[in-house]
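Following are the structures in question.
In the two assemblies presented below, subunit A is common to both, partnered first by subunit B and then by subunit C.
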Partner chain A sequence: MHGRIKIKSTAQQEEEKRKEREKKLKIYVSARDTCFSKVTRVLLIQVVSNHQVLFSFLCGLCVSYLHSMFLLDTHCQRKEGILDEEALQVTQQLLSSNPDFATLWNYRREILMHLETVKEKDEVQKIYEAELAFLESCLKLNPKSYGSWHHRCWVSARLPRPDWSRELSLCDRCLSLDDRNFHCWDYRRMVVKVSGVPVAQELGFTDRLIGSNFSNYSSWHYRSTLLPLLHPESPESPSPSHEPPQPSPSHSPQTQSHRVCEEQLLKEYELVQNAFFTDPNDQSAWFYYRWLLGRAEREEMISCVYVSRDEERVAVAFSRPVNAQSVSLLLVLDGQPQKVEWKSVHPRFKHSPVCICDLPPGTISDITNEHNLTVHWTEKYTHRDCALYTGRTESWCRDSATDQELFRSELSVEKTSVLQSELQSCNQLLELEPLNKWCLLTIVLLMRALDPLGYEKETLAHFQTLKEVDPMRSAYYSDLCSKFIIENTVLKMEYAEVRVFSITDKNLTTLCHLDQLLLVTHINLSSNQLQQLPPQFAMLQCLEVLEVDNNRIENLEGVYHLPKLEEVLLKNNKISALADLQPLASCPKLRRLDLRGNPVTQAANIESELTALLPSVTDLLL
Partner chain B sequence: MRSYYAANWASFTFNGLLSWIQQYQEEPQPKEVQDWSSLLDEGEELVYLSNPDSASISNLQVFCFTSEEDEEEAQSSDLPNPTEEKAVNEDTDVKPSADSNEEATTEKQETVGGAEEEQLQVTPTEGEEQDTDKPHLSTAQSQLEPTRKRITYAHLVKEGRRFNIDLVSKLMYSRGSLVDLLIKSNVSRYAEFKNVTRILTYRNGNVEQVPCSRADVFASRQLSVVEKRKLMRFLTSCMEETEEHQAYSGRPYLEFLCDQKLGDNLQHFLLHSIAMVTEDTPIEEGLAATRHFLRSLGRYGNTPFLFPLYGLGEIPQCFCRMCAVFGGIYCLRHSVDCLVVDKDTNRCKAVIDNRGQRISCSHFVVEDSYVGKKAAAPRRLLSRAVLITDGSVLPSDSDQQVSMVTIPPVAARYPVVKMVELCPSTMTCIPGTYLVHLTCQSAGSAYEDLAPVVTRCFHTPDSPDQENRPSVLWCVYFNMVDGSGVELEGHGLPSNVYVCSGLDSTLGHEYAIRQAELIFQKILPEEDFCPPAPNPEDIIYDGENPSTPAGEEDEDGAGEEGKREQSQTQE
Partner chain C sequence: MGTQVKDVIIKPDAPSALLLDKHADYIAAYGSKKDDYEYTLSEYLRMSGIYWGLTVMDLMGQLPRMSRQEIIDFIKACQHECGGISASIGHDPHLLYTLSAVQILCLYDSVDTIDVDKVVDYVKGLQQEDGSFAGDKWGEIDTRFSFCAVATLALLGKMNTVNVDRAVQFVLSCMNFDGGFGCRPGSESHAGQIYCCTGFLALTGQLHQVNADLLGWWLCERQLPSGGLNGRPEKLPDVCYSWWVLASLKIIGRIHWIDKAKLRTFILACQDEETGGFADRPGDMVDPFHTLFGVAGLSLLGDEQIKPVNPVLCMPEDVLQRVGLQVDLLS
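Up next, the complex of A and B:
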């Protein structure tokens, strides 16, 4: 077969490759040894093995030991003036084949810092520029090397005359190759910050990235941080919270001004709609949309103060959970500050939207006296008064809540007309994609923001569809649906101004917003899917009658120190052990308990044990 | 007797094209049949081949709409001439020697750091290089505007060597068989490619961009959000065969599209620009074309197409180069006059060229036009036009767009036209110009078929009202044979003579590659077609191997394309 070029056989090629690898390894090892010998002059590695895995493992063990030796020695070397370019050379050789060798980067930094002190500024500039060039070759080898990116940050910061535009274009290049390289995103943020790239330019950058691929959280997220800076909400609209004189550390500056002016918002709505109409299954656009639709922050305030003469107890509800132990509350009774101990309603959680305290015995027990109570939330400069008139056993003071104030769902505050038109576009999409979960969920949220009661029926129907199209998350949808049903019921209760709360046969799977039920005396949750009465249930400080027949309750943890509770109806649940009934023992007024249809009733001696556990109960149904 | 490789696959400089035109415009000289029987041994006979050139190109018409005189240059000669200056600058930029060009590409690959999916070297069309150039270019142009209204013919001729004008107009599907073959065989190392940056279509008297990728659909301003959804939905759904598709079996694709209630916009895009089929194409074919388009999308960029830098003529050159590395020999200015056939075995033993040289061979591959019967039924023709224009049919932010334009019939009985507009960064034309290729199945002569499209899309003396459209500086129309209609079997030739067709009318290269592979397998049934070429370091250069005897180069394992070149260039 002439005319055919002879090609090395596979075995030959393998052999050559093996030799090549061996050669590389030898160079690597010897370079590393030189490097370490400069440090310790003790060569501990005599392992001349071809087994690279074992080898690098040993290296790893040695590194920390070497490093300490090495730092000691750098002092000696510096004295001797041996920290020199030769060491740079050697480490460069090593790092160019393995840029993730952190110790060597450290060593390099030591050397560079030393050189800075002995060289002219121009020379230093040159050395650092060479360093940047070297780093580029390392990044080509491994574009996600922590060591290389970190070292680049370090070098850029020390460069006498940095060329930020070059760094920026390096980032652009890296991100165009892999728009999810978060090392590069990080580095880019640093460059942008240090070099003061105009926000508008950065926004243009996100435009470009989103234009080429809109399935990228990083770009959308970056956009969400830039927009409020470039197009802040117009100042005349009221700020959602008052800036405290001394900003508390928990309050980051972003939350102050994370809203965007309406004109820009409309443009963003258009942009993001283009994305989710193009690909409604891509979540990144939907998440950005949720951000755009906004999140209302409730004003921090005391929403309710309740005082009970019989228990000599004060309960305070807040607009957000507070730490009962550390919240700065001041109780003033008839002009006298009282020394009381605030506590959460249940030991299981420290943070709670309801705090209680017991007044010193005898302070308000005389029913013929009238008392004026003020609770100050000193750190928030807010307070609430409450008057307990003669002849009354209890009293409260609260805002008459509206849906806007109570639950803005997760969406905010945009003008109704804007939300309305967003709802229309989503409905349009739903017509085309009736089974798209993101669209369904967004519609539900929009409906809640617009008119929770008016859209109740449609919302429930959408939840049904959601559970069917996304069975993996059906429990999540059930919980969310429960939340919305409870919110709606709270609203209806508010409008009716009653203290009875009833949700029956609605497939509730979870309880929430229990702080809103502070004043409720009768609760009926029969025929749902509840599995427990959670610790939060202890916020129902006025509760007298609890009906939870026909659920799946196994746990009564939340029925804890409810001072007025008299009746507990637990027919047909899953209480299986006497211990599960233990919390009831903390309710002093409990007299009627219905346990029919629970496994626990089958236990031997149950009646006598229950009598021992709950001596106050006179009416026990088993 | 050709002085260039690759027959109708060839690519010419402007000057080269002018001489090619001249050659065809001259009266074909009757070929003198020479008697080579003196070269025969016993038991052999001669089979004469015919002359292909006169037949394959016809209806050649050339128009120059720019000033033939050098007047403007003369006028402005006392001024500092920015045109010239720029041209010189660009020259050093864009025409590096072959070597430095290759270096540049390897460098590029290194910076890419293995992130690129395959080994094809696709240069970013609107990448950094262009961006840095742009401000310079645009300022230069704005300065030029007053002094230089139009590029003169003299300028075109002067800069002629910087044009690379293909006779054929095709594109490479990013997941087509040519790209696969280039990668598989390592022939890709000899070429660089650019993405076609946008798909356009001519509709209601306007040129519009067709959103075809996900990013395009997202960014499109002409589609409503509902249309966006419908389009994406349709594109996703047609990737898989559904019962709905089967229900339309045998009926036109258009009918299926209509029933999807997509609206006129989308229907036009899907039929003409994505499937690129006609209104009566059956659904199976329409869906297959759509899928081919979609599969290729996003591999290297936002459109499914690649175009080789320096023109399509590079592709056969690349295969030839690979072949030459392995000992293939090419002869220009030789044509094969006749075959020497062994009477007993009916095998071709040798060929005799026009100078009477007898060259032994064990296989002989030849284009059909050498063996075609003169009186055969009229062959299918393609209509072609090549235009040099002074602007893009759809100006945009970037002046370096490579556009594929689909043009539905402009009137009844007119064919569907495919137009490819190449910008200077494809290295096929000079800065300030665009090279436009138009192709269609012939209904009449090339001029009759394509001039209506040209006058609608461009400003020419025949369309004086189209002043806001780019002007045609120079153009040529010609017809060429559509190779897809050619019968390859049944010529009664010896069994070791293989006939291949010329180029076909489709946009991709599937037809040619399939044919090449078939012929290769007939010659060497045991061998892998275009196996990966070994790396240079794996080749043994120890001189053990005596030099190859002439005349048997056909047996080396290089590309079939290469082999076809051999036969075609032996004239």
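Up next, the complex of A and C:
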């Protein structure tokens, strides 16, 4: 189906081609039918000799071949060996030309398993070796057939005396023809795992491949799975250089155990740098480099507990999204475990980093009482306390998140000099290749790893260049730039210890990290390019004033059950229907709404309909 | 020294308008050439072939042109005692064709014509201790089969019959340094596998486990100067990969990260003006597989002549509404 070029032909050529195909079809169909009947014969013998395969026999057999089964009944008398080998022969012909015909491989496996039961071990070894030779010829013709590679795995696993070094050298040869063949890479990983090839040896193999051609994404990928096994990050586990790589759920790159120790990291930086200085447009090395720069996961913890006396509500923020319905949380109030229902802040947002619950009415409403609250995340053996003092209407307890923990690369301080020199190298490359997008983006990432606020201005300038040199991905760069601006603003807010969050006139195209804004009371996002306030926006549980004038907002889904929200300033946006304002009806304290410059204001009876929809609003600007 | 970007050049006379009528004629005629050599050679995947043809016809509003009863009878004849469904009569059952068959029956609103409980048992029986799924009783493991299993069960409303937590753990163990997914733990990322795994995570409600920004970057870097998308770095663009990548981006809420207009130009250029149908690349031979993914891709890009397509199941949204299956995507 892939890569068959259409050739224009004359009527005569067309006719010749048609005849040719007709001939081929006849040969193919007769071979297939012979094969199905052979198979029937072989299977019949199996039924006679082994009741266990009866089930598979019935499964594999189709109605239209039932009658041929009866016709072939007499053949049961024939010697099994001859019949089986004959069937192997015919399937062989078909599979050489059509290796994706899965059922034929299945038939071969049934025959082979049958032969195992009737032949001597040495003979079985020979039969399976012949099968491997046949497979090799299939793979030469069609190196990307799932069926052939799986059959080779199957045969290798059943071979009485496997020769793994031969299999490994088959992989070497196959990869020398096509170093991106992922079937072969996967087969190699299986061989390495089963035969215990040392990780270090495999890493050496990728060294050689990358050495001969930097532009080899498959090799860089393989390195990313091998390095954490050979040079894990944690100092307590020594290098398991004699164990084969054993990818397992706990070794997913997304977990901390998949990080690389710093010493090795420095060597890798050097290797990748060689690669991208040799060919600055080869994306493989840049993708790998970005992985090296990546940070470890944050520790799983409760990052903030907030309690409000007015709403008698508790909000809990976590370091990663949790499912409010199934997370194991225990709320203890003044020493008494409370029966509460934890929920997400928005129904469309099941896994959320913020969960809320309402306390039984009257529990904390008396302002003259002091209360002590503890939230336990029982499955993670972690908790956070929060005290609500007399005379206070709200309280919170949180980590004062630093930029290191929140958004920056997880590198120790002494390595900062290394990153600094990496940045210098990239800047040198940029001087040679001023429009290289890979280099520009990497510089941005290095700057963020080093000093996000200090490099803010240069970062923004580089994003501008990126959008110009790579316009196809300008929306990606805009979103990434928005993310970095939001991160910087969160950091500045942390340092200033305020509850006001303001990003205006910065071309923001997307909102993220909204869980960091749980305590924010005033948000100003005016004069940006926002199109929506997504469900995640409902995490702003303390929000009182929302300013989003002069954006392109058409969707307010996330302005949902915000208990303290009083003012919504939405001037000059794209709200076009009354239904789009429906979420606001869930905010009980809303009293001021500015909708001037939105298409919805042109609708008939808009004022009376809005009054009906939002009865709490006393100050409506249309 | 520099890497030559592998790409195609779209000729100025390449098709630039959508030829829906020709595509419908092409698909309607395809199944009637039953003694054709190509047709016979593809018998081993017939059930998926029928799904491709019917789905693209439904997306174009032309489903009634296909022979409904003949197809339903065919599917019935392909269900085996074990519950699994094969590509064709006389072939062995497999998860790939079991899903295709269930998808077809959903298009025809006639799932009950086969033994649904047995299908569920078949799928259930293929789950392994580690949560993965084998494609059939011969034990090939692949995240494609994890997708086939949960997609089949989701369409039948029987997701809870397998161990979903373990199935999720297995798929997550196939996540790579670039945020993508491969066939098995340790396998290289590949757009087809990424589609299966993000689709799987959408169906199981676990999309928050995806590193959407990192994966989205890898995916949008698949777009080449011609506008077409490739399936892995340094490969040629292809209409089917355009679908796998585009659908994955849609699932993780990042479809706006590619240049939609340029992709549309590429997909339209892969049409054959004479025969109808889409090829993998401009100037190649057309087939039903690329015809479906060409049309489905244009639907995701917002073409209003085509019915809206669901990015996870590659079926018309109205069919999924009828089935009562709602899949949440990332926003």
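In the analysis below, the second predicted complex is superposed on the first by the 512 of 622 C-alpha atoms of A that agree within 3 Å, B and C clash if a C-alpha of one lies under 4 Å from a C-alpha of the other, contacts with A are read in each partner's own complex, and residues count from 1 in each chain.
The rule is simple: a contact is a pair of C-beta atoms (placed from the backbone, for glycine too) under 8 Å apart; a residue touches a chain by one contact, two chains touch by 3 or more.
Owing to the predicted nature of the structure, the values given are computational and were not obtained by experimental measurement.
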Ask   = Which holds for A:479: it touches subunit B only (first), subunit C only (second), both, or neither?
value = second
Request  = Would you check which partner chain A:278 touches, where first means subunit B only, second means subunit C only, and both and neither mean what they say?
outcome  = both
Message = Touch test for A:433: subunit B only (first), subunit C only (second), both, or neither?
response = first
Ask   = Does subunit B (first) or subunit C (second) touch A:212, or do both, or does neither?
value = first
Query = So, A:425: does it touch subunit B (first), subunit C (second), both, or neither?
reply = first
Inquiry  = With both complexes overlaid on chain A, does A:180 touch subunit B (first), subunit C (second), both or neither?
reply    = second
Request  = Check whether A:13 is in contact with subunit B, with subunit C, with both or with neither, and answer first, second, both or neither.
outcome  = first
Request  = Classify the contacts of A:342 with the two partner chains as first (subunit B alone), second (subunit C alone), both, or neither.
outcome  = neither
Ask   = By residue count, is subunit A touched more by subunit B or by subunit C?
value = C
Shared subunit A surface residues [contacts with subunit B and with subunit C] = 1-6, 278-280
Remark   = Note: in the complex, subunit B contacts subunit A through residues 110-113, 115, 128, 214-215, 217-219, 225-226, 228-230, 232-233, 325-327, 534, 538-540, 544-546, 548-549, 552-553, 555-557
Query = Can you list the subunit A residues touching subunit B in their complex?
reply = 1-8, 13, 139-141, 143, 169, 173, 177-178, 211-214, 273-275, 277-280, 425, 428-429, 432-433
Key: Of all residues in subunit A, those that touch subunit C in their complex   = 1-6, 21-22, 24-25, 28-29, 36, 55-56, 58-65, 98, 100-103, 105-106, 109, 146, 150, 153-154, 180, 182, 185-186, 189, 215, 217-218, 221-222, 224-225, 245, 247-249, 251-254, 278-284, 287-288, 291, 321, 348, 350-351, 471-473, 475-476, 479-480, 483, 532, 534-536
Ask   = Where on subunit C does subunit A make contact in their complex?
value = 1-3, 5, 35-38, 40-41, 44-45, 77, 80-82, 84, 86-87, 89-94, 136-140, 169-170, 172-173, 175-178, 182-190, 205-206, 208-209, 211, 213, 216-218, 220-221, 223, 225, 232-235, 238, 254, 256-259, 262, 272, 279-281, 283-287, 289-290, 328, 331
